[in-house]
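Please find the structures below.
Look at the two complexes coming up: subunit A is in both, with subunit B in one and subunit C in the other.
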Partner chain A sequence: MSSRAWAWRKARALFAHAFANMTEYRAEIAIWMISGSLPLVMMAMWIGLAADGPVGGYAAADFAAYFLVVFLVRQATAVWVVWELDREIRLGDLSPKLLRPIDPLWGHVVDNLAEKAVRLPLVLLPVVGGMWWAGARVPFTVESLAGFALLVAGAWVIRFFQEYATGSLTFWTDQTAGLERVWFTVSVVLSGALAPLDLFPATVRSALAFTPFPYLVDAPVQALLGRLTGVELATALAVQAAWGAAFVIGARWLWSRGLRRYGAVGA
Partner chain B sequence: MRRYLRLWRIFLAHSLIQDLEYRWNWWMNAFHTLLSLGSSALVLLVVFTQRDAIGGWSFDQALTLLGVYLLIEGITVVFLVPNLNRVPQYVRRGELDYLLLKPIAARFIVSTRYASVWWVPQLGLALAVIAWGMARQGTATLAHAAALAVMLAAAIAILYAVWFALTTTAFWFVKVDNVSELFTAFFAAGRFPIGAYPGWVRALLTFVVPVAFLTTVPAEAAAGTLTWGWALGALAAAALLLTLSQVLWRHALASYTSASS
Partner chain C sequence: MIDVDGLRKVYRVHEKEAGLRGSIRAFVGRRYRDVVAVDGVGFRVEAGEVVGFLGPNGAGKTTTLKVLSGLLHPTAGRVAVAGFEPRRRQADFLRRITLVMGQKQQLAWDLAAADSFLVNQAIYEIPDDVYRTRLGELTEMLSLDGLLGKQVRKLSLGERMKCELAAALLHRPEVLFLDEPTIGLDVTMQQQVRRFVADYNVRHGATVVLTSHYMADVAALARRILVIDHGRLVFDGDLRALVEQRAPERRLRLTLADRVERSDLASLGRVHRVEGLEVELGVPRAEVARVAAAALARLPVVDVAIEDVPIEEIVAELFARGRANAAPVGEDAGRA
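Up next, the complex of A and B:
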């Protein structure tokens, strides 16, 4: 069998196993979904605020549309690999994985994607229902849908490899959980998940344009809602791709350096 | 009673000694709390560039509310999470049996044995924010502080009762490790005054998940806008929920068949 056929076969086996595993955790996944509902709380607050008129160009229906898509994007890009790596490296569970002919990275990637396959159908129902009920207008153009899909995929790459990089720091320190919490707290507000970035002061917005944060939530959301088009969409895609590449390279470099000093615990 | 207080002091001292080993954790928590406060304050600033009030509350009042939120969140992480997240484990592994055999109330030891003391910086910062907010509002008087203390006590009682009742369900559902996540998700709504939310959300946050009593009511006491209705409601809710959680606990123990020999 050619090496590509082998790779495809391995990928399929990994995915089937991960999917079967994740399906067992349906109830837990539902709870984790609910624990990611902060955007919906913010939505209620902003809708309340817009009760007597639009806030910064956003009417109540616009806030509903915005935050429902924020919820969708956050769910579609949910990553937890940092906690897995932290546990595996500190407790030595990594050792058996290193004996396998597949890089542990692929196991984590497939686990995440399989979980999305279980989670996304659960998420789409309330999001689509909510948007229909709120009377949200979504322009279903090729540009907006393609832009949305690419930006969500790019956001996933950034989030996954940022957590992989942070998780790889466990080779050197046991403070990974604290570092991740710090990053998370900062990224939640600066990515536009708590308030549309349009409402932020202009100086803050232009400073953020060079950071990865707006491309995690705000960019895909605005793309789907048809507010990010043409040159601006292309620029967003380019900057996001650059940050994605940076995190991928950084994560892999940290991992390979860390692996060298990994002395198996409990092997 | 004195025995229980002495025991609690010993438990806290033990946790403190353990956590002091990890000095870095304390600094990280202080840093993280500052970031958390900063990002929430940033959202408030964004709101106040567009409107003069949020749910009828001024910026200073909303900031004080944020302080109350951080305080309650901190108390949850320091005192509730390390203890009550272990209950499913006690039930699953039969460790509860050894706790039941001890000559003190099992509920006490389950609730107070551990404490994540390295989150204390968050408590300190939260109190500082509340004090600053009250000073800005001109309500930094003994009367307001006393009202705030009473409402905070009620809030903590309600918080503890709800958490305890949720974790008691471990006796029947065993795998309830994530139930606390559900509470945290609802509690996030406590960042803002409940007047900021649409009507049905306000009702939900008062009668179904009592978040209103956890942050809005104490913040109203700090702002001097607390009405007797809400104050008495908070005290009644605290008494009711504590009683219910105790009833549930007794019921759970009665139906508990040990897992160890």
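Up next, the complex of A and C:
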């Protein structure tokens, strides 16, 4: 078999294994899904505020559409690899993975994608149902769908490698959980998960444009709702790509430096 | 196959006194100290050799194995395994070795072992026909029939260890590092694992380095042993040579019909133990036959047995001597 055929075979075997594992944890996935329901709470709140007329250009149905897609985006980009790395490095569970001739990164990537394969069908149901119930209209076009897909993929890359970088810090400190909390809190506010970013003051918005946060939630949501111009979409993709590359490089660097300090505890 | 020279591994650990006051102190200013786990160890292992590491807890056995398998970066010294530098963890190196840890597992807990085997097949790039042959061989050698389809968490400890061994050997490594492979297993299962490792070594000419608390493991498998204590190598050589060199005596065990005077026993050899009518004497190797004959002639002997000094005792004595001779490595620990 060629090395490309083997690479494909490895991806398939890892996926089959991860998928089998995830289906063992159905209940857990459902719980995680519910724990990500903050956007639905925010939706109820904003719909209430818009009962007497639009707020900042958003009518009640617009808020419903916005937050239902926020819910979808956050579910599609949910990442937990920081906790996995924290545990593996502290308790020495990384050792068996380091003995295999494949970077442990791939196992984590495939685990995440397999979980998405189980989770996303469950997520689509409330999203589509909610849209119908709220009378929200989503103008599906090729551009909006393609832009949405690319921005969601980019947001996933940033989220995944940001957590991988934070998780790699466990080689030096046992405070990675705290660091992740800080990132989480800041990103919930600045990514558009609590309120659409166009309700923020213009100065704040222009300052945020250079950070990764708006591209994690707000940009993909606006793309699907057809509210981004071609230029805005291209800019969002370019900034995302730059941040994605930075986090990939940073995570890989921290990982390779950290391995030198690995203590292989236990056994 | 394995070449180690001047290997040293120092861990930095943070120190905290017990209790609330200690926690507050550790929060404000952390104190670290260096612990020397391995201190200038050097040895060579030829291809196909089976070598046993002996040593008390914390002696540095496991640390050495982890350095040899590439999990830990050495602080100093040179290490080569199968022509590779382990810490670089190149794929070609990892395909040639395996490390089985009695207390860490690679099999997914909630799935069947067979599921994890398929992942290893792909990762180690084992063609289907070769995989089937090897799996058949391992199933036969380890009696895995009926185990591979069960959820791993439903297997007994021994069954799980056998599946772990199979998973670790599907890629047919040339070098096996076994860290306490029989820990927690019952005697029958320990014997099965030992027999398997010996078979594997003979069948495939693999090099085996193992650590164990059970002297029986080491005695059954390894002709050559490395005794490590406080991070230093205190003996490297043939197990039998160790026994003869350190234990010039053999044990004469007598069961008597009546009590006898202690002085009568002392005239035959060194009295080791007297418990009721059971007596144990230490006798120089060369004189065992003569003393046994004398005992039978002079004493009311019901039964007699001649035994070697248990290896455990020899090694325990070796550790005690090593400790008295060598400066304790722990003294290095003060430096922060």
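Here is the rule we use: the second predicted complex is superposed on the first by the 266 of 267 C-alpha atoms of A that agree within 3 Å, B and C clash if a C-alpha of one lies under 4 Å from a C-alpha of the other, contacts with A are read in each partner's own complex, and residues count from 1 in each chain.
Note that a contact is a pair of C-beta atoms (placed from the backbone, for glycine too) under 8 Å apart; a residue touches a chain by one contact, two chains touch by 3 or more.
The shown structure was predicted, so the numbers you read here are calculated from the model rather than taken from an experiment.
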First, second, both or neither for A:F210, with subunit B first and subunit C second: neither
A:V41 touches, of subunit B and subunit C: first, second, both or neither? first
Which superposed partner A:W132 touches (first subunit B, second subunit C, both, neither): neither
Contacts of A:W172 with subunit B and subunit C, given as first, second, both or neither: neither
Which superposed partner A:R260 touches (first subunit B, second subunit C, both, neither): second
Subunit B versus subunit C as contact partner of A:P201, first or second or both or neither: first
Subunit C contact footprint on subunit A (complex, rising order): 1, 6, 9-10, 12-14, 16-17, 20-21, 24-25, 92-93, 95-102, 259-264, 266-267
Complex interface listing, subunit A residues touching subunit B: 28, 31-32, 34-38, 41, 44-45, 47-49, 51, 55-56, 175, 178-179, 181-182, 185-186, 188-190, 194-195, 199-201
Complex interface listing, subunit C residues touching subunit A: 11, 62, 66, 69-73, 89, 91-92, 94-95, 97-99, 101-106, 108, 110-111, 115-116, 118-125, 127, 179-180
In the complex, subunit B residues that touch subunit A: 24-25, 28-29, 31-32, 35-36, 39-40, 42-43, 46-47, 49-51, 54-55, 178-179, 181-182, 184-185, 188-189, 191-192, 196-198, 201
